[in-house]
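A quick write-up on the structure given underneath.
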């Protein structure tokens, strides 16, 4: 049994209970405002520069009863967004002073529509996110970002200045740097951290003031490095597909003779890949980074998703890939057969998993994963 | 997998050529049916022509381009390209009794999740069975829904086709987004030039655009006629405007059909001929329609006295004033896509809702039917917004019926009928209905 | 060298004892509420040569006495199945996916594709050149391909489980069935019956639908010529015929006692381990 | 004269006979497992026996439910008509609880939520989806698997100390999940598992009820309404008590009988003719 890292427990403490954790409560108590967002379509830097706390909306470690959400968006809706909507209906997100949505996928787009109709926050916005990764897309996105900046400035009652944006970019780039260092540790033959711990660390980033988070993450890195801990497991796994926020899910996989060493998720490698170019005018830097500078998601046509997965699998020396897909998520689901072919072509073993979002590992999933690990061992 | 799949005995009856024969035979049968609207026959004839062009494109050495929803066919027709719309092709396959389950099973065996959009799974299965038309290019929109870009991407990958992908901006009405869009329309034309090796004849495009503009206006005229009481539009031609405007925009066939339909409806309105005798219920399809089962529409009309007065997908958005400058066909086409049939699905739900309320009021709708196509999360996510606002605003109740847009067996017909019977009974007992009828 | 495999499933628990990889004896009992007691009872059934479910022994057993055998006599014991974690005397556990594959190979040497249709799940496996599992899939969230699914409907129609297969072969009419949900399918099947459809036709429709699904699974992992169906449903001749039809007439091998494949495989893995230990010592 | 309502469900056949003051003379619910025609005959014979009447005493019949066509074939000579099950159930609910403004019908094989107008006619309704496991069959199935009789499930679950969440929504997979609870060391106690199932069920029913925006004055009927633990959990979610008739399964048949009365008293009603064969 590995002893838990004190700093990680501190992070978890500050972000608990989910979603309105201690850190959020303290922020609100100081009279400051929180703005929710989903996926990586909306630059957190822009919200941060306005003096707001950007809060990443998601589920957490408990499976969510989705039925209330389904009375609005029906059962055939992707679970990631359905889960958020369920919590909004349960008033769990009532602490938000605003939310910025996007058209990044059908689910996200319809959550925006339903919020407007049934549960509006005082400030609501929706950002057009291009699905192409080229110069024209950067330009159109830049204009839309400027418009969003205007609206956020109005909300604040004061123009969001370039200097503020530059400072925010610096802070968020620093997070990316620290996360990279953290992930580097996982490349070791005996990584010092588990996938479960990593997921908790990644989730905390979207749930507390970034300055505090960066300090904690630096402290955590030091603690890990000085601990000399080694996770002794047989097989190295990578998780690919929809975002998973349930650490219990990850923990169940790591109960086997395996450790999760990397992933392809928005609460993972895709979040910290690349950096906003600080030498550019800040808005342009953001537009370029979000469209071109990070690995693209399944929604972007001609994106580099598969290249990113293959490259990551190689860098982290993974033995097997778990390609999971939350039901009714069309972009990821569609990619699955092609991803399988691509990975098989490169001799990477994989297991495909269809699941409900937030689901805890039941008999079925445990059985499959166990058999997969056995297969990797044989 | 290889693009040339040999067709096994099992699938041989479902090649494009065979499908074309089946649709043709269907037209002949239609001609014998008593009491059909003339346009009902021409509608199916239009479909037969469509499939035949696809089936013989190879023989005629024509380029065949796969495309998804919302594409401007005017461009294809101006360059002698034969378009094949994945949804339209799948619907005709299902309508003719094609083994939908069989191709879905093939797709599932290939690893495509079974809960995806039926149009996506069906073409995937057809590709695997070796019965999908062989294209030379694929072009499509993104951001219409999540399935469309992926479905066309699949086709292009399997058949190894050059592609042009158009990134449709959300709410494209602002100038910078329209500019972005226009540029992509130009690139789209350039991509067609590249595969055909021919330059676009802009005079020809202008003519096609003019035809398409006329077709838009005809569709709007038809809509006004359909809204009359009693509703003159029979089940047999109900999806005609949609087919004409989506798959034949820029082609004279569309205009011929629409003109004929308009005249026929006018005549029926003048003579007071309604489709249902008597007309008991006027309904709207809020999202998808059961295109795969025309007989269901017929059943509703003949057995329940229910008539389809608004097909939400089959109408242009707003005023549809997209002809801005007759000398700028590309600009017109880019503008047109803001108003395209079904395009309101891709805009914010609030706008969709308000539009829906207005139409339902004007068309004197009594009942709403939501065919929840299980593979379509995009529409499912909108259902409650429409349901509640129709109920609150106009006292119109909605029946929500889970179905698969191609697979008739997904929800057995008997169950659909049972649900609709219950629903119509409830509608007729409703206060709003009684009030509406008292006023008429 | 004696080794034991024990497979605790949702309905039945099977215990197999092999002597140097040859069948010595096996027993089958119903899985009881107390899982630990069940495991001991299954061992008892094996040494006493007792089958509580599905009648007679179909595998020939050597003519030796086994009733004196004890758990301690086993060189190694491996547990598999849903209850694999609760067997107090097991030396290790291996998932039923690997055990079924191994057992199927023991029963049909050289087999390369396996379809196992058990009570709670349905799985397809493809074996690599050395007999290792190279690829597998399990049925996804919906259960419309499992043994239990057929049972629920047969129960609704009041047709004894063992008669389903033969009855369905008498079908003369195509009745489409949807396999989306077992609860709904039962309702649909009952409604069809009450509306006057023949049970044979309903069952045939059901088999048709399930076969379409499971054949897809087999194709997904890769179909090989030597193909085995194990698990309870392999006894359903109607279902097997439909699967074969959908595989283009490929004949499936049905081992005489297909339900014990998992336990046999577990006992074979136990033998590997015991030998390895011997070597090391 | 007496009137009757017959509700032919896929599982149960229900018959209600009313006297001329609309008092219930007989109410039966049978699960016979034969074709609709036979079931209709047997169930109505049983009801007539209970009421002490003969077929000739029944003036009018309304049939509803999946098998209503067959019923009408069986008793075609009689005055008989059909009404949809939703309208009948709503009417039945209105009979017991005139203040009812919503009905949640959680039957063996389907779930329906309705909002009612003041006269008891449904204004809007919604059913459960293609793949939802909140029906009575789901409970039967899991209860059977755990060897707890359906009628005892509610009381058993109330003993729970630490409800075990059941994640699977597919009945068959829920069973697989439950097996893993049972096979755990130590095993999860049955009441905790049952409580988990009931919670999932209550979530499902709550979801359907919110599809039509139910708020108060709710009647709950159907077999599931007999499960007190499910009802309690549902009430907690709704934030209001629900009204449950003594016999929650017969509302459909009762409503049908009430509609039969309405038909029978119409001035243009044809006097009844004794049947040659058949029910009622």
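For reference, chains read A, B, C and D in written order, and residue numbers begin at 1 within each chain.
The rule is simple: a residue touches a chain if its C-beta (ideal position, glycine included) is under 8 Å from a C-beta of that chain, and two chains touch if they have at least 3 such contacts.
This one's a predicted model, so the numbers in the text were calculated from it and none came from an experiment.
Enquirer: Using the contact definition stated above, find the chains touching both chain B and chain D.
Expert: Expected: A, C.
Enquirer: Please identify which chain has its centre, taken as the mean of its CA atoms, farthest from the centre of chain D.
Expert: Of all the other chains, the one whose centre lies farthest from chain D is A.
Enquirer: Going by the contact definition above, tell me which chain pair has the most C-beta pairs touching.
Expert: Ranked by contacting C-beta pairs, first place goes to A-B.
Enquirer: Could you work out how far the Cα centre of chain C sits from that of chain D, in whole Å?
Expert: 38
Enquirer: Please compute the C-alpha centroid of chain A, do the same for chain D, then give the distance between them in whole Å.
Expert: Roughly 45 Å, centre to centre.
Enquirer: Using mean CA coordinates as chain centres, what's the gap between chain B and chain C in Å?
Expert: Here chain B and chain C have centroids separated by 47 Å.
Enquirer: How big is the gap, in whole Å, between where the Cα atoms of chain A centre and where those of chain B centre?
Expert: 37
Enquirer: For chain C, write out the residues touching at least two other chains, lowest number first.
Expert: 82, 121, 140-141, 180, 188
Enquirer: Can you pull out the residues of chain B that are in contact with at least two other chains?
Expert: Residues 110-111, 372, 374, 384, 388, 400, 410-411.
Enquirer: In chain D, which residues are in touch with two or more of the other chains?
Expert: If we look for residues of chain D contacting two or more partner chains, we find 66, 126, 129-131, 168-169, 173, 176, 179-180, 211.
Enquirer: Touch graph across the chains, line, ring, star, complete or other?
Expert: Contact pattern: complete, every chain touching every other.
Enquirer: Help me check something: in the complex, which residues belonging to chain D touch chain C?
Expert: On the chain D side, the touching residues are 8, 10-11, 33-36, 39, 66-67, 70, 109-110, 130-131, 133, 135, 137-138, 141, 147, 168-173, 175-176, 179-180, 182-185, 187.
Enquirer: Using the touch definition up top, name the residues of chain A that touch chain B in the complex.
Expert: Interface residues on chain A, with respect to chain B: 71-78, 103, 105-107, 109-114, 116-118, 126, 128-132, 136-137, 139-140, 143-144, 299, 301-302, 325, 327-328, 330-331, 333-338, 340, 352, 354.
Enquirer: For a test of understanding, state which residues of chain B touch chain D in their complex under the given definition.
Expert: 372, 374, 384, 388, 391, 397-398, 400, 402, 410-411, 418-419, 421-423, 425-426, 429-431
Enquirer: Report the residues of chain C in contact with chain D in the complex, numbered from low to high.
Expert: 8, 10, 33, 35-36, 82-83, 85-86, 120-121, 141-143, 146, 148-149, 152, 158, 180-184, 186-188, 190-191, 193-196
Enquirer: Can you name the residues of chain B that touch chain C in the complex?
Expert: 101-102, 105-106, 108-111, 114, 409-412, 415
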